[in-house]
Amino acid sequence: MLIVRILSAAAILILFAYGASAQTVPSENAWASEWGPDDERGAANRITPQKVLEATRLIKEGRIYELGRVYEAGMPLFPGRYYSLTIPGSPTGGPFGKNNLVYHDEIVSGQIGQVGTQFDGLGHIGTRINGEDIFYNGFKRSEFGTAVGLDRLGVENVGVFVTRGVLIDMAGYKGVDRLPVGTVITATDLQNALEQQSIELSEGDVVLIHTGHGLLWMVDNDEYNRGAPGIGVEAALWLAEKRVAMTGADTWPVEVIPSEDPELAFPVHQELIARRGIYNLENLNLSELAADKVYEFAFMFAPVKFKGATGSPGNPIAIR
Amino acid sequence: MLIVRILSAAAILILFAYGASAQTVPSENAWASEWGPDDERGAANRITPQKVLEATRLIKEGRIYELGRVYEAGMPLFPGRYYSLTIPGSPTGGPFGKNNLVYHDEIVSGQIGQVGTQFDGLGHIGTRINGEDIFYNGFKRSEFGTAVGLDRLGVENVGVFVTRGVLIDMAGYKGVDRLPVGTVITATDLQNALEQQSIELSEGDVVLIHTGHGLLWMVDNDEYNRGAPGIGVEAALWLAEKRVAMTGADTWPVEVIPSEDPELAFPVHQELIARRGIYNLENLNLSELAADKVYEFAFMFAPVKFKGATGSPGNPIAIR
Amino acid sequence: MLIVRILSAAAILILFAYGASAQTVPSENAWASEWGPDDERGAANRITPQKVLEATRLIKEGRIYELGRVYEAGMPLFPGRYYSLTIPGSPTGGPFGKNNLVYHDEIVSGQIGQVGTQFDGLGHIGTRINGEDIFYNGFKRSEFGTAVGLDRLGVENVGVFVTRGVLIDMAGYKGVDRLPVGTVITATDLQNALEQQSIELSEGDVVLIHTGHGLLWMVDNDEYNRGAPGIGVEAALWLAEKRVAMTGADTWPVEVIPSEDPELAFPVHQELIARRGIYNLENLNLSELAADKVYEFAFMFAPVKFKGATGSPGNPIAIR
Amino acid sequence: MLIVRILSAAAILILFAYGASAQTVPSENAWASEWGPDDERGAANRITPQKVLEATRLIKEGRIYELGRVYEAGMPLFPGRYYSLTIPGSPTGGPFGKNNLVYHDEIVSGQIGQVGTQFDGLGHIGTRINGEDIFYNGFKRSEFGTAVGLDRLGVENVGVFVTRGVLIDMAGYKGVDRLPVGTVITATDLQNALEQQSIELSEGDVVLIHTGHGLLWMVDNDEYNRGAPGIGVEAALWLAEKRVAMTGADTWPVEVIPSEDPELAFPVHQELIARRGIYNLENLNLSELAADKVYEFAFMFAPVKFKGATGSPGNPIAIR
């Protein structure tokens, strides 16, 4: 049909995927991994030693950018989550010994892998199909979910991201400080911005999208939480085609919220994490990278190996 | 005196410090930082862009070694600490939307910065002097300690370690799989092992000591916790002289426990962290590095920016 | 059949229930409540105003016995559970105002309804039947279980126990300080002990069984946790016939562990809580009641109304 | 002076206490307990067996009023506190055994003794005097405060409240549904309302004040938290003169907030808890008692024996 022929490949994918998923969800066998039936690492497999070396070669100045937010009381949180840090006693212990040593430690409590700067692992997002919850690579919740952690897809399996990072400065491309909540970033937007930045994506990249939404962090948390500018499904699938390892942004969902189709819940999470094993990194601070026009860099993030966890806190970094 | 003249500079330092501290603790003004009265970063200041580049140049193969332990129920813990991870519900939420999305998150609770692989920040260790607790750079607990985090020396100030890492394989040097609990590692031991490895230390290095004690992890937790082989004060001061940024080991205290002087509590912690701002990284897995004889590498660790925390979990890595 | 005719009613019940449950579990419709299809209170319905008055009349001296254990680090815990209490800061806040007020609060964390002295609510125990988990009154987990609490059978529905309490001093009856782990208490044992104590049970009673096992609390936690003397299924069903509101003991399970039939998991919990709505109160201190031969008393316990919780901590009391 | 002679004894006390405390805080020796230098129970000592019997005699109908709030997400909380309850897994464990038993438990976390319906113990409130924090009976924080609980004045020492309860319906007396935030309840108000109710206070009573503020609970949490109607210092001292065991209200502080003297922080807490060992019970639901005009009743509350805790959750009850 004409209508198909003039659509981009990505859009066809969407028609395929969403013509389907708008009415039903993908069947069970739509979740298979390209890395084999036992794979629990997903797109982290794209980070080969060669990719590490490619990233390393981008380090020219030795300057580090910290992309992680400070975890603190009062930071924006997804509804129902909490974060608490307290210092027991003061000091926590001591003085001990002739040397009068004292020490502090801390009690931390909360959805630690899913508050603040957070990394979404492959056990985070699944899909209910015929009464079973299917996760990445077809793993079934009934077979790996336990009260004390996931027996499959736990974040301890991911490994480490030392790879090429690419910043796509969408706010800069659009000439604004901050894209409004609900702004849909399309594949064309990404392509145009990349072209303007003279950057091309390659397999195994971590793609970070600067929207300016992060300016609201701890400044206007209500607006920050109300939604976000972000990629829609079409842009997500375009990134997936580029075989990236992870997407990230200075927003809490990376994808656009409200979703383009209001009847779908976090469809980009589902398409990238659950179907394709592509990770997601949320609540980043990308202001400095954007201000310095650092579009290509060595990216490093090592998820904390909480056994059976769905995500991880951390302080991802860019080095140029 | 003759006895002084034939001692190394390091040993003199010890006499000075410990002649003093064995009877009294250092006076308040002994804690000043070489980086100025406001410094909260300590030896992390030694990691300059040049040092980052030095580390980067060590990456030849792009191979990553994960040095962090898995955090899990049943891991060895310092007395009185706990670690809990649970998955609320199963799934935690959903199905949502026409796309039947479900999700998991986790509740993590415990002394998260001071369990498992752990990084000791500068707010962790202090000294009671005349009723006041003095921490790194003379900061007084009464002025920065609060119930909900430290107003000074919190781990969010540290920044990131991308630097040269050096493994000193003491077990290998001694020709054993595992040094017994209580083995004191001396400055001479370190020097000899380094010489055998043909490695020299330089300013800003992270020095990781492989003792083999890590073989007990999750295998014989009682023995693991009973004590540890490790550096004594004299070796610690020698490392401090080398102006390292951080020490680490495959043990829970890095320093030898029981201490050489049984009347002192964690004297190496006090000398390195509190007096000199040199960090400490505990409960590492160094087996693979040692097996592969990787003695020099790019080291990377970015503490989680828990505001006001004394430490951080994480997965430090070595890249060669 | 003859064999049926000479059995007691209770034994017939057992044959019925356990002839069945030894091979299969009861069918879904075996779980209906006698208090109607919407009931979430179970045997707490037996505590009528008349029963409260009956209990009140037992108060002759105004002497209170505290039956609750102190919750503390080091207390015996069911495997996998934890309990943590810390005091943030010291003080937690202040000084405030001209009056220099300071305050402390605490962070408590753990399976708070299921550690230490604990009350088992009706959402605690269920049975997997044909892939669905059936709880008291046929409520299905898939319909009431959520990540943040149970929508049905939460402990906030129970109300309050102000009722007649009866102590059955089994250790005293057997002439020992402590019944060994694994001792099965039979219906005949209960009957004989009650007869010796000149006590009869009546509907709505709370029946507390003194086994002496509590002597091990914080004295020999390993032995305490290894198992317990307690009622078997036959005794449980006899108590259920007496229409009691709750059973309790100075042990962690109240029922005998190991179970008589090693292939059954906590069958008394299932028979009393899940099938009959009869509550269970564990880890009591019954030493004083037994020592003073207080066999009949006003019993009071008001579960903490944690919404959607499966249990409650507390300090149940006896007043004579 | 004339001005003194015409003042009531209570007012003189106030002049004494507050003439003083407005400029300085009471000296260390002003905190001695009338129950001796080792006392850790305070006004709970007033609940004698005779008092228990007096309470018992008030039970005529056997009707129980639950005064405790449901603890739930979204309830009003003092700034900085949190409450979390989650159900790990679903179910948490099982199926086990041939009987396919499954179970749920819960993870509860937060300032459990100081959220929702809460009982303020004697370790909760102290006063900074010359650098030391003095609590009830002169106990010094430096001597009893530890990171893992208070060595003195912990809630496990309190015992149990089974005593006469008195409701003072101030909203009813004033002819309103709800007294506005900031309404000061005076000793005269209390006296007049009691007279209208034909009730007199006696030693060891628990006095609950119905202000109607509880109507805001979970309806308008912001207004609920903004302040409260409540007793001022003068009324508090009048109640102390009556030798009550505990005060309580359908508000979060019981005392009026903002305080009459804006430069004082929670002066009623200080006068009652810290100086006189009189307990405080907050966030009660008193609507039903007031609606039914139940002014005198048996009151029962048994704090959970969290070792070293400053407070306790619970479900206090009234029985008539």
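Each chain carries a letter (A, B, C and D) given by its place in the written order, and its residues are counted from 1.
We adopt the following convention: a residue touches a chain if its C-beta (ideal position, glycine included) is under 8 Å from a C-beta of that chain, and two chains touch if they have at least 3 such contacts.
This is a predicted model, so every value here is computed, not measured.
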Using the touch definition from the top, list the chains contacting both chain A and chain D. B, C
Same or different for chain A and chain C, where same means more than half of the interface numbers show up on both copies? same
With chain centres defined as C-alpha means, what is the inter-centre distance between chain C and chain D in Å? 29
Suppose each chain is reduced to the average of its Cα coordinates; what separation in Å results between chain B and chain D? 46
Which chain D residues touch at least two other chains? 73, 80, 84, 86-91, 107, 109-110, 145-148
Graph shape for the chains shown, where an edge means the two chains touch. Line, ring, star, complete, or other? complete
Spell out the residues on chain D that touch chain C in their complex, using ranges where they run on. 21-23, 25, 48-53, 56, 59, 61-64, 66, 68-73, 81, 85-87, 90-91, 94-114, 117, 123-129, 133, 141, 145-150, 156, 159-160, 162, 263-267, 269-270, 298, 300-311, 313-317, 319
Residues of chain D defined as touching chain B within the complex: 80, 84, 86-90, 107, 109, 148
Which bits of chain D are touching chain A when the two form their complex? 73, 80, 82, 84, 88-89, 91-93, 109-110, 145-148
